[in-house]
Amino acid sequence: MNRDGGFEFPLVKRTPSRFRNPIGKYRLNRSTACIACGKCVEICPYGVHSMVKGKVVVRNHYLCVGEDCPNPCHEACPVKALALRRNPDFAVMGDFRWPPDLIVSTWRMAEFGQAPDKGLEYRIGESGGGFDKLRIVFGPGKAEDDSGDKHEGAKADLGVKLNRRGDNAHRIRIEVPFYGGGMSYGSVSINTMLSRVKAATALGTFCCTGEGGYPDELKPYDEHVITQVATGLFGVREETIQRVKIVEFKYAQGAKPGLGGHLLGDKVTPGVARMREAVVGYPLFSPFPFHSVYSVEDHKKHVDWIKAINPKALVSVKVSTPTDVDMVAVGSYYAGAHIIHLDGSYGGTGAAPDIAKKNIAMPIEYAVPKVHRFLTEEGVRDKITVVASGGIRTPHDVAKIIALGADAVCIGTADLVALECIRCHNCESGRGCARGIATTDPELMDLVSLDWGAQRIVNMYSAWCKELRRILGRLGMKSIRELVGKRECLIHLDYN
Amino acid sequence: MITAEQKPIKEIRETIAPYRKILVLGCGSCVAECAAGGEKETAMLASALRMAARMNKEDVLIEDKTIDRQCVRDFIVQLEGVIEAYDAVLSLGCGAGVQAVAEIFSDTTIIPALNTEFLGQTKDQGLWTENCVGCGDCMLYYFGGVCPLARCSKQLMNGPCGGSREGRCEVDPEIPCAWQLIIDRLGRIGGLERLGKVYPAKDWSKKQGRGPRKIVREDQQR
Amino acid sequence: MPAKYLVHTSPAANRFEPITKSGIIAWEEGCLKCAVCVKKRCVYKVYEKRGLNPRQMIDSIDNLCMNCLRCVQGCPRELIHKSISPEYAAMGDDYWSPDIISKIWYQAQTGKIPVSGAGYPGPFSGPGFDSMWTDMSEIVRPTRDGIHGREYISTAVDLGGTEGALCFGEDGLVSGPEIRLLDIPLPILLRMPVSRKISPNIISGWAVAAKRLGTFLAVGAEEMVAAPESCRPFLMPILDGEVACPEGVRVVESTFSAEKDANSFKSGNDARFVCLRLPMNTGIEERVLAAARAGFSIIHIEASPNGSFLDDPGKTMKDGIRAVHLGLVEAGIRDSVTIIVSGGIAMAEHVPKSLICGADAVFVDLALLVALECRLCGRCDMDLPCPVEMDKAPPPWVAKRVVNLIGAWHNQLLEIMGAMGIRDARRMRGEAGRAMFFEELDKSTFQDLGRREEGCEIE
Amino acid sequence: MSLDWVPVVAVFYCKNVPGGGEEERHAIEKRYKGSARLYPIPCSGRLDAIHLLKALEEFADGAYVVTCPHGSCRYFEGNSWAAKRLETVRRLIESIGLEGARVGMVAESSEEPIDLSILTGEFINSISKIGPSPVLKS
Amino acid sequence: MKDESRLKQLLDGGHFAVTAECGPPKGADPGAVLRKAGLLKEKVDAVNVTDNQTAIVRMSSIAACTVLLSAGLEPVLQMVVRDRNRIALQSDVLGASALGIRNILCLSGDHQSFGNQPSALGVFDLDSMQFIEAVRGMRDAGTIMGGEQLTSAPAVFIGAAANPFADPLEFRVVRLAKKISAGAEFIQTQCIYNMERFKKWISLAEDRGLLEKAYILGGVTPLKSAGMAKYMKNKVAGMDIPDDVIKRMDAVPKERQRQEGIGICVETILALKEIKGVKGIHIMAIEWEDAVGEIVERAGLLPRPKVD
């Protein structure tokens, strides 16, 4: 497919839903008046109808684009046997940040490897602020031509170099401007973990283990794994740090800024307990913050410890977004970090007290410009890589946060949505995710297979890459690097 | 599966009349599939019976419960400790279920609430048809997968009779002529020559005549 | 752990089936009776445990459903669909949303903090308290580990005023008026909601809860007879007009105008403390100043149940509290008065946010009813029977539910304070610098972005 | 019929019918005092036979269903299934000697919808004519 | 008592045979049978006695046959498999032969749901085909079903029915062939009104060489009225009455319809006589036995030949 500096992007392979009835925005009802003439089968551009043993059935409700359809079957039906309606199940899904349109369009990207062209809003959510009020602005004359791979940005370089200090550590370039955020073994299943890591490997990027230890199953992918050193130090050993190219310190996380990790007792199965050296069935709290770190100097000792054990490793520091996030970022730089990873308050995938999700620390949209400005004023902006995360859901969010000053982003929730997370928010307790994604229940875990999962994630990111290239093309840019901090490419609907 | 239909409420009321504490017992297998005695039908029947009792100022206790199968001992014994509190059990099981419950709880009165019908197929939503008489000697191969014994009104093995008209049975034009179906099917699958010979009389001893049949499978026994 | 750091909770079951968000539509017609039906595979055993509460016509399939949609997506005949339960959607109002109500039920039932996965699902920001974020400390501030047992976080606050500075007599000892304070272990006081019909049972239960929590219950002087005698020190009678002060109480609430001298009021009452209630109307900051100068040391500012000014729904109590606090600070008398706010305190986060804005403590009112399964349907105001038979709620259950709710809120207060690195609730008061406000932050971050010019396209 | 008898009807209605809002619901219940118990449902197809039976068994002299107009069900077929279930219930209660008219269904018309409040009044009227339910009398 | 069927002898001798149907009474009086016998005597070669026709309880067929024999007529005993299992059927065959009944027509029988005993159990242990085979076995091999030897074999001429008008047409001839191969020696057909279809059936039978293997007697029924014609068309199973026949009946006034019916019947017989392979006719004048004489006479079939 695309060749960029020798890197070959993985192929998109259609990977349909694991479930019998994929959910879409519309439903078609076929009444008994149907005479099985096959007209609808013939005219539908999306393969919604099919002929089965002399009967016509609606096979793929979910692909129907409803009012946007150029060839509406319900109008063409000679006996008016078809009725089109909004799918009521669609309407009950999702929330402000992930409205049903966004969930379903992410599922579509994970199935087909491209953004839905009709019927679904795949670029913004309905939170009424931040990303959802920001728009990318294209100068006059940049008429949209995104047909096929001919547009200007089709060959745009999406790669990002992670080591900007120029020290002896690895010179790592990720081929796409994102990598996988930490989701621990225990919070998600090993299948989910492996799917993400495998996809990251195929995409030439990384995926973080989270704080629940570094399972042996990940060995084949060590080159693409970031391992996390979090306050609980679950499963952290010298050999795990030596296995990887990037080590991430997790000081805080966007899901629950100021609080430690939290794995409810239900999910501490024997496997999880073994990995974390804990007791089955007991909840696991990570402390907050590192009890060995009370200053930048303490922090530097931490970083030096990693550098002593694995001198070539890149060090990423994952912090949340307090008012003084800019100071924290600068401090991290001076302590020797290669990557400052800002995790905004609205993101996260793990279990968190509801009060912490909503009320503590600032959204990433505020934190990134603040840090970008401060690092620039300090003269060190080009010495450190700024990675943003926390509520980045779409390729458009990626472009927006990069334009606000990030170099790359870190993704968690979208990966899960690609695996058909429906955002019911019940991952934390009982048997965990009923859909088999964030669970440690052996039976539920098997609902997600490795190949299926990896391909879904690859497909989704392929769609993201296409979108990013299209956006870059429209902006007249040849590389994602050009977009960093280009605030003028954005407008905010409230201040325009 | 085994199909059944609920008896008229009047008949049920008459049979339960002598009893004060009644357990309405549903079955989650075949009769649930044909919507005659599943959990839902059991709850509905119990509710109706309670209302009827109250209307007639009868002082009775009617409660309902559904077990997975009324024809398997392991499920029936789940009623131990429950059933004793009742004077009678109104069973929505098939005839086999009713008898199995009666056999295991030999001191309890078991009353059938269903009429057991036939071995059938779910033909369509709310439509079940008889397909098999359980003759013990299947000949479906010769008849193209349509059983004349179950589906021909006259059980002709060498039909069709002279009453077949436009593919319908003389007994009721609603009934498709089984022999027409046999001929059509065999015609399509190229097996018409199977009908050339005269099929000899059926050996009914495999179905009846030696008391209730049983199947013994030593390899399955413990 | 010393009792003062902990609220003891214990589960208090619902008396009625709660109304839940989910509405399952599962048709039997056309059911293929699959051998391994999606209903049998339900992770939450929704269909297996199905039961109908005939009094309320509430079907347990809705209550147990957790919205994973696996049955919807797995049924071969697509016979299962989902909807939002209309009764759920109809609960409360825009402010007291169904989500808030059901979270209060959960907390009152379990005493636990609501925890969920998969990130924050709500809007970016909203009016009032929804437009602020509290701060957290990253690595350079002292730890808290209070809830995990090493250092304790104190949530205690004082009611009453202190002098700005100590005066010493010639003997070198402290002179001047005696400093008298009431110490409560958490910045939350209970309050009988106005305009709702409250049975003596409930008053009694609330009074017990106030005692168990060590805080006060503000209650009408006529209603307080329902409370057990032993709870009297924890009651704050609301004296409208010239009602005589009941015996045995430590603090009363008065509606006397600020112009009247506080001391003249006190002289006619046994209670040593008087809390003056003022409506949160435009110009509240001046009236609070006047009252403080008149000698009132505890002032209760009452906002609307929806957290807005009583005379201007466009202004939120968040701004009112900040104005009052800043006014007192500027006048140099902030410590001589305790500010308690009420109205619209519906979620745990409203407590720390009120404190950060400048209040010393909050009154919880409507939430106390919601804790008792109230659906805020307003039927009682229309003389319709209460769907949860509130008048029959047994007092011990009422007390348990309220303690559970406040216990859960207390724990959440600890979470917020812990994240901030603050170990004393008194230190949080007015710490607006440890909060972020949407209006300022949004404007400063985004107002200098690009502009949409002629011929531009946006996406 | 005793003079102090007050009929009680259970009305299950699709939330999409005119006058089916929460405020209207309260107003109707107030207007008809204890006579009307209203249950909004997301779709009339949500209603199971057992819901109607339980209402009749526990407290109602009559149980009625109000559905959205034919052909406008959000779930396509919910209201037509509700109609069939209602018929099943009617047959069942008739078989035990209860008046079939104690259950009923009104599908709203899309041209001239009738307000839920008026329909509720009509239900109460028709039950008043039939008299107290013999199930509840004792 | 002769040992051989007179009907068989006539047919073997190349005569055009005439049989008629006689329904036994719904009572025990042999006089009713004798009255009908009087009407048919000398007019026909043999008389079919129905076996609880249309599943209505009547005097048993064997008994009525015996009465006919006593009156000097040759009976054709009709036996249906509806009411008797294989034990009873075989025993009755032996009994009939012992009584001198020399012709048996083996039938399935009308379904019990049509008669006056709709709650009766339909036995259908054997079907008509298997019954034919059983009778042949008893006569030719001297064994009952299963091979057990009889002390003496019955002597009967075995007949079967055929309906050329039921569906599917092609299979009708297959079934005829099966009946013949099972042992049927003469075939009486359903009432013929649709001559075209009958001819087609005959030609199909000819193609299979069946016309040489059994004697085919074409069935005719005189119509009493236009109403009867319509009723039979619509209500009686396996009946095919073309619209022009009904029109023709309708065209004449009521009082002349009986004559018209006889006229049609005679025309049919005349046409049948011309068809190769039709070896006789079977007149089913339902409760109208007095018409038989006229029909036979007008068809030029009198006097009936004699055999020794």
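Letters A, B, C, D and E mark the chains in the order given here, with residues in each chain numbered from 1 onward.
Quick note on the criterion: a contact is a pair of C-beta atoms (placed from the backbone, for glycine too) under 8 Å apart; a residue touches a chain by one contact, two chains touch by 3 or more.
Please read these numbers as outputs of a predicted model, since none were measured by experiment.
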Co-neighbours of subunit C and subunit B - touch as defined: D
Shared chain contacts [subunit A and subunit D, defined touch]: C
Steps needed, at fewest, to go from subunit A to subunit B via touching chains: 2
Top chain pair, ranked by number of contacting C-beta pairs: A-C
Most widely separated chain from subunit C, with each centre as the mean of CA atoms: E
Chain with minimal offset from the mean of all protein Cα atoms: D
Intercentroid distance (Cα basis), subunit E paired with subunit A, Å: 86
For subunit C paired with subunit E, centre-to-centre distance based on mean C-alpha positions, whole Å: 98
Centre distance in Å when subunit B and subunit D are each reduced to the mean of their C-alpha atoms: 36
Shared interface positions of subunit E, touching two or more other chains: none
Subunit C, residues touching no fewer than two other chains: 28-29, 81, 83-84
Contacts with two or more other chains, residues of subunit D listed in rising order: 43, 48, 50, 54, 57, 75, 77
Complete list of chain pairs which touch one another: A-C, A-D, B-C, B-D, B-E, C-D
In the complex with subunit E, residue positions of subunit B that touch it: 153-167, 170-171, 177, 179-180, 183, 195-202, 204
Touching residues (chain side subunit C, partner subunit A) in the complex: 43-44, 66-70, 72-76, 78, 81-84, 103, 113-125, 132-140, 142-143, 145, 148, 347-349, 353, 412, 415-416, 418-420, 433-434, 436, 438, 441-443, 445-459
Subunit D residues touching subunit C - in the complex, by the definition given at the top: 10, 12, 15, 20-22, 25-26, 29-30, 34, 39-43, 45-46, 48, 50-51, 54-55, 57-59, 75, 77-78, 81, 84
Residue ranges of subunit B touching subunit C (in the complex, touch as defined): 32-33, 35, 40, 122, 125-126
Touching residues (chain side subunit C, partner subunit B) in the complex: 28-30, 32-33
